[in-house]
Amino acid sequence: MNFKKIEGLIAAPFTPMKGDGSLNTGLIPDYVTKLKNDRLSGVFICGTTGEGMLMTSDERKEVAEKWIAEQTENFKVIVHVGSTSSKQSYELARHAQETGAYAVGCMGPVFLSPSTVEDLVDFCAEVASGARDLPFYYYHIPSVSGVSLSMVDFLQKAAPVIPNLAGIKFTHTNFMEMQQCLHLHYGKWDILSGFDEMLLAGLAFGAKGAVGSTFNFMAPLYEQIISDFNTGNITAARKNQYKSVKIIEILVKYHGAIVSGKTWMKSVGIDCGKCRYPLKNMTESEHESFIKEMEAAGFFDM
Amino acid sequence: MNFKKIEGLIAAPFTPMKGDGSLNTGLIPDYVTKLKNDRLSGVFICGTTGEGMLMTSDERKEVAEKWIAEQTENFKVIVHVGSTSSKQSYELARHAQETGAYAVGCMGPVFLSPSTVEDLVDFCAEVASGARDLPFYYYHIPSVSGVSLSMVDFLQKAAPVIPNLAGIKFTHTNFMEMQQCLHLHYGKWDILSGFDEMLLAGLAFGAKGAVGSTFNFMAPLYEQIISDFNTGNITAARKNQYKSVKIIEILVKYHGAIVSGKTWMKSVGIDCGKCRYPLKNMTESEHESFIKEMEAAGFFDM
Amino acid sequence: MNFKKIEGLIAAPFTPMKGDGSLNTGLIPDYVTKLKNDRLSGVFICGTTGEGMLMTSDERKEVAEKWIAEQTENFKVIVHVGSTSSKQSYELARHAQETGAYAVGCMGPVFLSPSTVEDLVDFCAEVASGARDLPFYYYHIPSVSGVSLSMVDFLQKAAPVIPNLAGIKFTHTNFMEMQQCLHLHYGKWDILSGFDEMLLAGLAFGAKGAVGSTFNFMAPLYEQIISDFNTGNITAARKNQYKSVKIIEILVKYHGAIVSGKTWMKSVGIDCGKCRYPLKNMTESEHESFIKEMEAAGFFDM
Amino acid sequence: MNFKKIEGLIAAPFTPMKGDGSLNTGLIPDYVTKLKNDRLSGVFICGTTGEGMLMTSDERKEVAEKWIAEQTENFKVIVHVGSTSSKQSYELARHAQETGAYAVGCMGPVFLSPSTVEDLVDFCAEVASGARDLPFYYYHIPSVSGVSLSMVDFLQKAAPVIPNLAGIKFTHTNFMEMQQCLHLHYGKWDILSGFDEMLLAGLAFGAKGAVGSTFNFMAPLYEQIISDFNTGNITAARKNQYKSVKIIEILVKYHGAIVSGKTWMKSVGIDCGKCRYPLKNMTESEHESFIKEMEAAGFFDM
């Protein structure tokens, strides 16, 4: 199958929860309004940032339905269906297709992780067959999944077996491999840049789309980076990229970008609540100093 | 709470499946008959060997019910409820308690794994609270879970927070730490030896119970090791331990002990079928030479 | 101290040896002539590519003397003095200064590697004090040294303790950290890009100098990348960067870039001989097909 | 060649230094007197504990000469010659043989570590050929060397290539592999147990000799463990093994067993001075509380 490549910014949204950790999906329409106002191209839901694997299967379906209800041609919903069970992921993929998602994505299995590309392809093929008509994106994020196999080999071996393979959400710093994936098979594959803080490298090597968690609250900064890059103003793009680095430094310091990013959403008007275990939420005093540091930096306002 | 410690051998059973990968729980009563004949003290189900996390939540419940139906005072059923979601694991623990399991066990979360003992305790506390009246065993297996935190710290920090904490299924080669756990709090904790091929070390350091996958088909060999160890015949125990090493060498060679062990079960009269992705089953020719090697070794017959 | 930053390409040369693995330093003048013709800014000798730690201390001094003899204002010699012994490295640093080197570099210790930045600083401070008047470059290459500590912290903590600290040879894919280092202390530090195959990312983030092993035989390709980048022709730069990726793919395939790069040097007129243990040289048939693949690719001719 | 296996305890001595980090080899005769009084079978010098690779080549030779001068038939000196350079290690091995050492040992190379057993054998073969008439021990310590290859394969592939191969100093917790090595080739190889805190496991699996750093100051405790083990008194052996664990807990807490063990030597009458970088010595206040904790534990007095 041939799919159109995704262009622009895809947010990896936080999953709105209440104080007690239960879902708060009623917030999703407002969340989407904000993202559409920020001109996002869509969302990649229930992934790492979305605490996908911290939810039950039923919860993941409920969340997917709410996001998909807001989908438009210019605001695509990609549903991450990865789990430790290919059967569960197959069911989530089928549900995504039945509910009308634009595409599905799947991380390599984090339990009994495959040690060969062939085994990874087998796992993904079963999952992808649950949503045969939708583009399938492999979610390459070795630092989280522990699955660290060659993506060039993966594309080559998956191509004949997964007819709906569209590309890779590439969240890895091996930019040699990103170049190889971008050039493979005459540039056929859609390789989405996955590290917000290195977006400029992704652009330099030819990526057209990107998925990220800080796009939830500072998309305009990244749109400016893309626009400056496209008009040859590298100096300006570099300067704004460093602004994103400064924000991400703060996020990392406060229990990492999922916890701190989710916490920050309240400041931009979308109260997404707290994170689930095994993530650790901030204490009150951490929260206070976090908000102060973020407000002092303030680059997301641009 | 104070729980009696487990003594003797606990099998980590394979989950019976059909050729197409669907469950075959009808086989469980026969499986139990064999294990009881081999004088096993019980089973630790739906763990690593049991492909627990490769099943959906509903499947895990079905499997648990079938094993628990065969439980007796001398044949205990411990239900592994670990998953990437503390909420799902809580529900599985509650189901285990309602269904009458002897105990529950839980691996550290394999996704967004905690980096501090406190965070691990928080995760486990939520899970354990689903089965408040049952002994709770933490399943320490860093090579599989990627959670490699101090078990001495864990016991110390979990003790006041998890009232039903009983001990640890200790599947790690750090025998200094095993000694520390065995001696902590005046020997209060039940530390189960987890590596079949090093059972003798566990015994030397004072472990009384063990959980293992090769107990499914060569329990008599290990019973002889324990008996020889207890009567001071180390030379004989060492000789039999090396026999288990020779079998495990073969298992490891043929796609690891889950795939090859499950395959071997048919040879001892319990056809457990195939493994699910991301595990890789043997090809026909691999299968043939595997059976030949196992039959040539033949130590499990003793 | 304030040192001028290095601009342009620094080769990490191979150490010329004979067939029996003994040194062949007589070749160095011709080697330098080639590099000067290719307009290199200098060399970083006795590092990873130069098999520095595979030589004895006396050999390292002999090699350093020969390179330094060819030094000019526009062709700088940086001597890597890293070893497992700070005392040995101190002596090599002192020798480098006495012999007239431009600068010294030092990798984090690969044996009993420090686990804190403070300990790394202590080690480097002793080494750097052997060459007090020369710029000192820390050589950050976690994939080889196993020393994977924060370079931002290192610069902050080393600055007051190592007066001759000049910067970092940054051979790591963490481009967030590279940006942080480039911006720290108002851009004071000289951060040299270390991965040839990702030079374009280094340029995008603001690096002005680069150290690499493929600069030994395809410097013109990289000079073109820099020139196209500087004139805003990213598309051309990207195309040439991908050419370097294609060559490096071949190098990696044939026992890695040290062995294959050294082998290739003969084809460009500088017969550098073989590598020492624990590196593994090519067999004759590997050599044949390697040369064929390289000639077919041929991008280094541009 | 056939060598007699080593029986009993081999200390891995600290290298005596002065306050300024220079060698203090004049202390070695007194050191030996203490070890002989403690009925040690010999020493394994210049290894991890002996800071071998933190010294220059000349220093290592000086240290070796002083220890070898005290050698007797019942007090063997094994010289560790491992380094990053096979050539330097070859020279150290030759020096050891010329000076009259009993045996040499060599760690896998910590820089550009081999990824195949064949490459490791090649490296070791060159080193071992420097001392053709002496037993050669491979020093397997993956946690320090980073070389984590199969020791069964190593023995099989090295046997025909290294005629003076005697066995392995096995400092690894994989006791399945230790059993395999002990049984390989009809028990031909001398496999020395390397973890003091798990000596009882080594004994259970059949090891006859052991190398350790805490043997420097509490050999009688370990001799009692061996004696109780040999007479079938496992309970007593286990109790004393746990005493060693309690001491090692303290050592680990104070900058690890090299730094704290070396510090402790002064308390038993042999002032070995301080450690070199990259090791970190204790502050004065750490030192005070360390001594207090050790004196309170006091198991080494037995």
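Order of writing sets the labels: A, B, C and D. Residues in every chain begin at 1.
By definition in this document, a contact is a pair of C-beta atoms (placed from the backbone, for glycine too) under 8 Å apart; a residue touches a chain by one contact, two chains touch by 3 or more.
From a predicted model like this one, the values you see are computed outputs, not experimental measurements.
Trainee: Which chain has its C-alpha centre farthest away from the C-alpha centre of chain A?
Mentor: Chain centre farthest from chain A's centre: D.
Trainee: Between chain B and chain D, what distance separates the C-alpha centroids? Give it in angstrom.
Mentor: Distance between chain centres, rounded to whole Å: 36 Å.
Trainee: Touching at least two other chains at once: which residues of chain D meet that condition?
Mentor: none
Trainee: Make each chain a node and each touching pair an edge, then name the shape: line, ring, star, complete, other.
Mentor: ring
Trainee: Please list each pair of chains that are touching.
Mentor: Every touching chain pair, ordered by label, is A-B, A-C, B-D, C-D.
Trainee: Report the residues of chain B in contact with chain D in the complex, numbered from low to high.
Mentor: Interface residues on chain B, with respect to chain D: 173-176, 179-180, 183, 195, 197-198, 200-201, 203-206, 229, 232, 234, 237-238, 241-242, 245, 248-249.
Trainee: For a test of understanding, state which residues of chain C touch chain D in their complex under the given definition.
Mentor: Listed in rising order, the residues are 21, 48, 53-57, 59, 83-88, 91, 109-114, 116, 118-120, 122-123, 126, 144, 146, 258, 276-280.
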